[in-house]
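One structure is given below, encoded as structure tokens.
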């Protein structure tokens, strides 16, 4: 029933003039995908005849519903398409909503203030294949430590970072979003490496840009439903424009329906993102950004084969969308 | 019956409430004295306000409602299926000997790891949560009621067999009544499992429900919201348990009690 | 070695129930083997009232269990109406020695249980059960649970329950043990009356010799473990009998004495002397 | 209305146990109230062997339970050695009518249970238990579990268990119900011997009038529900008695007849007629 | 005993193994026929190879070892504490009436949500996993054994009381033996719960163990590894259950059985 409903083709939908149901999965509701949420809250999806449903998939695998055909689009980090492509699944990134690296590496002061001081310590990471671990490894290497021998990198739930820092279980963690960085710093954290700083990131990863937050779909779905994909991407492109033209306060307010009771946190995170210029301007990726993603993927041990750019990205819908949007303006 | 029931319960209930209030008071005082970090532990005051906020915004009923709906169906399906399987295994020891090891083995699986498979088979709608909830409940009922089945008084079975009772009548007249205490404890444990299952089910994909709310709040370090949800859950579960208690009193009337 | 005095009476009838060379061994959990019943053959005639007596633990209940099909003998056959039967036979109503009332069912439901199993309508079975409850002197306790009854009351419920199903063959294992003399005699009379009216075959286990003699057509004496048929006695007392009066019959005293002596011998022979065995002379 | 014939014997002794105006009402689960025992007063003298008889369900076990402290009476007092007691009194050894063997303990462990509770060493209690097991004719079943025993064997284990703890006061609720005549008489003799040697006070419930007369100093007749002391009879038969021979004592027959008639009256009075009450004349 | 034990078990065990092999064969054939997507479901062949790979690299013993260690302690602590609490509540109904509602309420909590608190109190070492495991096990034992306590035959208690048994002796001689079937089923269910608890504990923070491995594999779409771990878990759990079965046979010797 649910399954059947979501699989209704766009042709049918337009014929009967009923809103077409679309499901988008997300690993969590993060403000760096703001343009896509705004497409919902500002009614862009609805205008296009789409009824969009966001599903948070925290446990298990956030990509699975899309790969299984239960959802049509997925919000993820760039590492996900890299992994599944190598595993033989065909997916394409349609839109990137962030353009700079959003993580920082933060130690618990006052005892730990430098990367060297972390030698022999425990650093809170994600699973070895996750991007926080990869970023920590990159930072450690950059600071002259061997990530595989000099520190321990247990995987931890995101929500446990602050507790673990506070009671001395870990000496440093990856600050994976603006709000967390803010809270860590407020709890005595010391900034070791701020990846959001373009200069710093370039030194480590060789690129100023890094398009981490993306939306993807399977090749199969894209091929079978090009009109729907176009509608969705166009709505997202509108969201990107809107983000770039509005203030932190306005964005937070607009996002609120999908972020109930999170205003305070949104204000902090969005301000932080704005400050570090994290939001994508055009939704497209850059060559250097992709190279950096591959490099980080190597740290995570997830890049084992050549993965050509065109196997990952399909920005044709985005180009079309931008054209129509520019024409309108 | 019901008057008596109320007579015994209400004072205990009041004592429970008083105890909880006392704990909350200590917690609040400790917070005000700066001995407890509200970032990690929140405070009764913050929690109270948060619950009121959720109440007035109507969020509570929406999220609680969906989770309890999932749990309810999970409890029903898991309970019925678990009970049925227990009886089938009880009747057919051969089947039991062959299949039980596998089932026992599956009990320990981290259900979260099954997320992708559940989504593949049951989608990300309410079905997958119900299945998750039912799976958690299933094992509880299966193991308990099977143990109850094995604990039946053979004399009673023989008596009914001698009176011409067939397998089905033996189950209805002897085994089932004698399994009732095992069934009730499964209901009590299963109640918790069903909620837990629904919440875990929401972890594998949801946009509403208590699990989604907790996960969402946890991800944004909103510990107050997490604890609000937990407090709500505890209250709701405890109230549901009064129903189990009531059932127990009613169904087990025949059983002589200690003291 | 089987001594048979005055064997006649029901033996012209068809054989209703026959045991052929039954041997039962229990292997108990401590590893020991208990030979409970050894090579027992016994014919029970149609409409016969047969009483089994014997010392405690000699295998009487075991024999009933074998006949009822609750226990499978190590060797030997059970024939009912000439047909070898394995497993439970619905012709038999068995009132076992063990307390087997359903603890969760009221007196009414316990008595009506057999009728319910036979699919008799609620109204009908309640009416029948109520009649039996009155007969057993349990009026007012229709909706009590077994644990709320006295020992004798529970036993009476068990009797009512087996009478309710009105079986062709009735097994009763010490039905009147915990009943006072009066209640007992009244119920004994009742049983005799039912037996007389409905032409049942009754196998009756008792410890009470006078009970056995006053009720039965034939008394079978089972020897101490391993149980064997030690002796059979036909009871040539006139029918219909009145349990209270029959004790004053001259024959009765003779028969009692004969069996008594045999029984005594049996107890002394039984290796595991009970109490101060030496005292018995 | 209490008729007392020939009241003498142990009444010069101290009162060991006294019931004063005991009333017990059970409220059963179906909402009915059962007045089980109504205003019963009873004195039991030191070293007295007292037997309670009465119809089934008249409140005998309830009285024992009250004396033992297992049931709290609605009104009235229980005095032991002149002191009002509430709750369980360790001076009493109670062999109840219900099957109360621990199903998970072997015969040996069941018999030794009381000794174990008293902290007697394993070796010692096993020796004592073994002696009792032999006495009860249960040799070879020391390590069997209760469900592996016959009905009479279980009862014997229960007797052994209560004898093992050697209490000052002994309550026995139909101890010999499911035992054959011989085993029963041997054990009765045993009980008499123990009573004689250890000067116990014994309260004995039985349905068997001849048993009551041949064992007791005094027989107390309890009326039909609600239980009341209907009559008391001192039994002026000589001691030591031999259960088997005493029945031929001329006095015995007289006493039996007297009590028998009273008992009969009681049964007829008891409103809920058992069976074909009309037949009793 | 043991000879008999083997006599009944081995054939059933072989049947179980054959059944599993048949299922694996069907699965493999379906995979080869292209009817099953190995991306989601892997294949017996891949899984077999993966297990061999883990075996030769020694990864298995390391990760399985740590998870079972956590689960073992969790089972012990949770079991002992749950049993103790059940007895305390059984003896003190007043305490039961006051505290039980709260405890029942806590049973349904999504334990994963307690992650931050657990880490705050018990760190990211083995302790927090043991606690998580123990908490999951605790409720099972508590509820079951409390139900067993209430189901004790009053006649037996009275008999022992009459023989001068004190509260402690009544528990040891009557209540505990009569709770054994309830204890054994708790052990069986608890076994699974303890493993699940350890794995959930590893989700919260770990750098080894089966939970860590499963999560790690799940994150890289290595479904083969996930299923390998699951298969291993099932086999290990099923073997442990033979131990429970053995205990059952041994301890419940006194109980007459149906058929």
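Note that the chains take the letters A, B, C, D and E in the order they are written out, and that residue 1 is the start of every chain.
Operating definition for what follows: a contact is a pair of C-beta atoms (placed from the backbone, for glycine too) under 8 Å apart; a residue touches a chain by one contact, two chains touch by 3 or more.
Going by UniProt, the chains are B, E = NitT/TauT family transport system permease protein; C, D = NitT/TauT family transport system ATP-binding protein.
Please read all numbers here as calculations on a predicted model, not as lab measurements.
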Would you mind checking the shortest number of contact hops between chain A and chain C? 2
Would you mind checking which chain's C-alpha centre is most distant from the centre of chain D? A
When A-E is set beside D-E, which has more C-beta pairs in contact? A-E
Can you work out the whole-Å distance between the CA centroids of chain A and chain B? 36
Mind checking the centre-to-centre distance between chain A and chain D? Centres are C-alpha means, answer in whole Å. 84
Where the CA atoms of chain C average out and where those of chain E average out, how many Å apart are those spots? 49
Could you give the separation in Å between the centres of chain C and chain D, each centre being the mean of its C-alpha atoms? 26
Which residue numbers or ranges of chain B touch two or more of the other chains? 40, 112-113, 116, 120, 200, 203, 215, 218, 253-256
Chain A residues touching 2+ other chains are 59-61, 64, 68, 157, 159, 162-163, 166
Considering chain C alone, which of its residues make contact with at least two other chains? 29, 98-99, 145
Which positions of chain D touch chain E when the two form their complex? 68, 70, 88, 90, 92-94, 96, 98-100, 102-105, 113-114, 116-118, 145-147, 161, 165
Would you mind writing out the residues of chain A in touch with chain E in their complex? 59-61, 63-64, 67-68, 83-84, 87-89, 122, 124, 126-130, 152-157, 159-160, 162-164, 166-167, 169-170, 302
Residue numbers of chain E touching chain A in their complex, please. 39-40, 112, 115-117, 119-120, 123-125, 203-207, 212, 215-216, 218-222
In their shared complex, chain C is touched by residues of chain B numbered 155-156, 158-165, 169, 173-174, 177-178, 180, 253-256
Of all residues in chain B, those that touch chain E in their complex: 8-9, 12-13, 15-16, 19-20, 40-41, 93-94, 97-102, 104-113, 116-117, 120, 139-140, 143-144, 146-147, 150-152, 154, 157, 181-182, 184-185, 188-189, 191-196, 199-200, 203, 211, 214-215, 218, 223, 226, 229-230, 233-238, 241-242, 255-259
